[in-house]
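Just below sit the structures, each encoded as structure tokens.
Okay, so chain A shows up in both of these, paired with chain B first and chain C after.
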Partner chain A sequence: MRGLLLLVLAAWAPPAAAQQLLDWSPDEVRAVGRHGPWPPPPVRDPSNRVSGTPAGIALGEHLFNDPRLSADGLMSCATCHQAGRDWSDGRAKGFGTVDLDRRTPSLWNVGYAHWFGWDGAGDSLWAQTIRPIVDPREMGGNAQRVAGLLRHDKDLACGYQRAFGGKAGDDDELLLVDAAKAMAAFQATLVSPRTRFDAFRDALVAGDRAAVARYPLSEQRGLKLFVGSGNCDTCHFGPRFTNGEFGDVGIAFFVRPGEVDTGRLGGLARLAGSPFNLLGRYNDDVSGANAARTRHVQRLHANFGEFRVPSLRQVGRAAAYMHDGSIATLEDVVRHYSEVNPDRLHSDGTPLVRPLGLSPQERTDLVAFLRSLDADPPPRPAPPPLCP
Partner chain B sequence: MRIVLACLCLIAAAGMARADQELPIFDAHMHYSHDAWTVVPPKEVVEILKKAGVKRAMVSSSNNEGTKMLQDVAPGVIVPELRPYRSRGELSTWAKDPTVLPFLEDLLSKRKYVAIGEFHIYGADADLPNMRGVVQLARKYGMFLHSHSDADAVVRHFQQDPDAKVLWAHSGFERPEKVREMLRRYPRLACDLAFLTAHASNGKVSPGWREAFLEFPDRFVVGTDTFTPERWHYVVEHARWSRAWLADLPPDVARKIAYENGDRLFGGAR
Partner chain C sequence: MRLSAKYLASSFAFLFANAAWANCPLDLGRGTGWVVFSDHYMVAFRPEPMRIEVGQPFSLLFNVCTKSNRPAELVAVDALMPEHKHSMNYRPTILAGADGRYRVDGLIFHMPGRWELSIDVRAGEESERLMHDFILK
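Entry: the complex of A and B
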């Protein structure tokens, strides 16, 4: 491997003509390489017996788009997670029966996550899917309503039978869970397309100089900052550009006078109290191995006001930003990290977040790199009938 | 009817007993800095402390005005601590800022403080002139040094003044074995447990820390560390969490760590 890297570097001696390629050290090549390949292989969720099954996915897509799950029959999951808006809603803050305090997260690549929601109150995608359906502030639905649809709606009942191998029974809560598992199976198929960055990353790792040089210099400089002095990849790690964990990045978390969004700390309390967590009876993984994270997660004082580190894929298409949509543009997000107020950051050891003090050119480069993580998804056809 | 009344009386008595038995807290690590004053006004702070059962709180603030504001509304509750920062962002620059010592001397000439801190200092920086000056000021005015530091810096504080009184913020984020070693070595060292969770989980005290608390029951205090304004809204839950793990210790040790040590070391409110 070392030999290969040396060869790659030797082949990249600065050309006499205008350089279209920065020098990339072996460490930098390794760091960039860790952000791929893309897409990763599909994952199946052992806690969900219809994960990855065509019939489960088909039922899930229909349920995802069905407004009858909500109390007033007007709101489906797709009302806020719109395919044409990168599976979010394009608003700074979400809404349901009332205006909400957090931004609607995009569902791109959500099947690869291990904590769900801005506060990680869900430890599986299906458990997280139940929350907005029954939350009176969001869809305001309930188990009886969902179960009734699966029993009595001809198409959904047929789809249920195909997905789960039997007719919908008389346990409402179990049917709510099954509906959520089908919707989770569908959501796990939402994988963002390959991007300019992915082509660059693969070429860099393969030592394909010609392909590497197609990646614009500004984006290369931004990427160098991202994996280098910016230290961004400590949290925005791996192919999804997130470590899937939680952080306090210096954003205020008052939601109104006298009230705060407790973030991860509250999420942990909700996780522990949920009948749908992986320690409960609805986990289809009888070995319980997938519940280890839930069993061992520890509450920390630092969790107060921490929010999930979001993926950066499709980030340029996902305004507004941060858990509360408090930053309107990607340029302003980069400015935030450049000028973050150290007053708000606790000092214990080396701080993960510190003001980067970026020059205007560096900010431009970093934004250019981040926009290279965007790609237009192909048009999405309407779902075929469940039981034609 | 008599039975109902008897039941109600029993329920009321049980409620009063719970309130009486709630362990008071001396919170030794609080900040009320410039960015908190409007979003959590002083009267709201006092309400939060009351709701949390915090009988006294040692408070510092960048730029020290916040401490005065709280003392004005709750003189019997607030134990004042002098902070060498005018804004919290100075935590990385204060040690080499020539204006810091005159700033502190001016404030000390006007008001009484129990401690200087919380300041941030690490390793050999603890021998810088500003830090030495702070150690001397603490000696002159009989104050604690509230030091957010590594063990190396604490050693240097005591080298500069063997009679110094040091409150080691966050117990240095150290392992309990190291904390015990330092407590054995320096009889005038006390430790706060602010922002630490390693010592307790689900209401149980971790083995290494249990030994530390039992060996040095007179040397630990609790603290919430309200380093951002939002964290004032964590005080109630933090007090509840603290009482849960303190209940896993012998009652006399729990009382000491909860409030008796704070009262004894820092002398109550001024």
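Entry: the complex of A and C
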């Protein structure tokens, strides 16, 4: 009898998991659902003929780690984009031959993007890859140096032949582009792992209440703010938590007295002047369909001081935040959006960024949600030999 | 953003009740689309691809007619988010087809929310702006 009573009481008591579930309206479920599923299917870049090819990826990984691409032979792409630091460098601002004004962006999920660099001066991952190699402030390399490696280094020459189906020719610039295309093929494989949020999102969409309830309450409350009154998902949209475009979020323009970082405005000028943009001769997509953004993008006065909306996946693992690394912690980023000065944002309409006026509990919840977008990546094996 | 069958049905019902529009072909190839009209103009259009996604390039195919059967021209197409007073980050281009229809390429709605499409049409010296709202979720 006593056992039966306990059984009845247990049946009446709501399951512990059910107490951990907020009410989610159909609109909220739809909004949360837009942030997945994760990971998306792999994408191939039609402008890059070795995108998604095993031989191109293998060559790209070797080149990515090769310091001989730089002028002094000491700096590779991996010097700043380190696997162990979430493909960034753990510093507030990047460095090369000199200290730089912007933070080194993480390469997680970069293959899904359509604009590259904080100012979007690159319209393909391979074009963006060329920039730091030849920039005298960064690696300081050049086309001749890269081409020489592909022609004369035994392993790289073999890897090139496997990836591109022929020996490296005598056009240095073309070989620089091909090297960048191989490195882009490698970078496009860097897809961040599934997270606690992804398990929650999938369960919510599927109506699996038991699985949904495993997502802690604080994270649920933070997510509600994110897709609700915080309006964060207007820009941090979709599975990568970015719409891939640009915004001014109230960070100072000046990099030092008398000098500003014009952001997207300058990026569009550099894009138009680049021989490597998708309207140029190195685009492997003869249809030109993949160049629609480049063909139609317009340079607006409002682009001044705009920077690319970053993905929020693995965001809690970053060392510093915003394009210039000016905010040290995720807590401070949330405080920035809570207290941002609306006069600084120059919006004629309802500003996209406005002071949210969050309570301390709301700030804690939002940070908890953002940290649920983090996950430990699996250990990364050393790249296999190019031509064993 | 999906096309609203109910909206289309009511639009077509109005148009077929108005004999002056009867010669204006509405079929833009998929048997569906939107129709906007004023006292002088009727504009039928549909997107390509059929589903407009946030951040993805799309085109619009247009047919422009006048009540008086005068030849009409599509002059400009643009879109903005009225709440935020910002336009698209992209400038669309208009291609006139041999059949009097138009293709507008290079449209991208880069945020969810309400987008207001403006369609500038002209017949002779008379021009007019027609509007249509999209809600992108």
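Worth a mention:
Keep in mind that, in the parts below, the second predicted complex is superposed on the first by the 370 of 388 C-alpha atoms of A that agree within 3 Å, B and C clash if a C-alpha of one lies under 4 Å from a C-alpha of the other, contacts with A are read in each partner's own complex, and residues count from 1 in each chain.
The rule is simple: contacts are C-beta pairs under 8 Å (C-beta built on N, C-alpha and C of every residue); 3 or more make two chains touch, one makes a residue touch a chain.
Here the structure is a predicted model, which means the values were calculated and not measured.
Superposition model on chain A: chain B and chain C are shown accommodated side by side without a clash. Once the two complexes are laid over each other on the shared chain, residue contacts for A:Phe304 go to chain B alone; chain C is not touched.
After overlaying the two complexes on the shared chain, residue contacts for A:Asp376 are found with neither chain B nor chain C.
In the superposition on chain A, A:Pro342 contacts chain B only, with no contact to chain C. By the touch criterion defined above, A:Asp170 lies against neither chain B nor chain C after alignment on the C-alpha atoms of chain A. Angle at chain A between chain B and chain C, computed from CA centres in the superposed arrangement: 60 degrees, to the nearest 10. By the touch criterion defined above, A:Arg295 lies against chain C but remains apart from chain B after alignment on the C-alpha atoms of chain A. With chain A used as the common frame, the shortest Cα distance separating chain B from chain C works out to 7 Å. Annotation: chain A residues 298, 300, 302, 347-349 touch chain B in one complex and chain C in the other. Across the interface of their complex, chain B is touched by residues 252-254, 257-260, 262, 265, 298-302, 304-305, 341-344, 346-349 of chain A. Contact residues of chain B toward chain A in the complex are 33, 35, 39, 44, 62, 87-89, 91-92, 120, 148, 170, 173, 195-197, 201, 225, 227-231, 233-234, 237-238. Chain A makes touch with chain C in their complex at residues 30, 233-235, 237-238, 243-246, 292-293, 295-298, 300, 302, 347-352.
Looking at the complex, you find that chain C touches chain A at residues 54-55, 57, 81-93, 105-106, 108, 110-113, 137.
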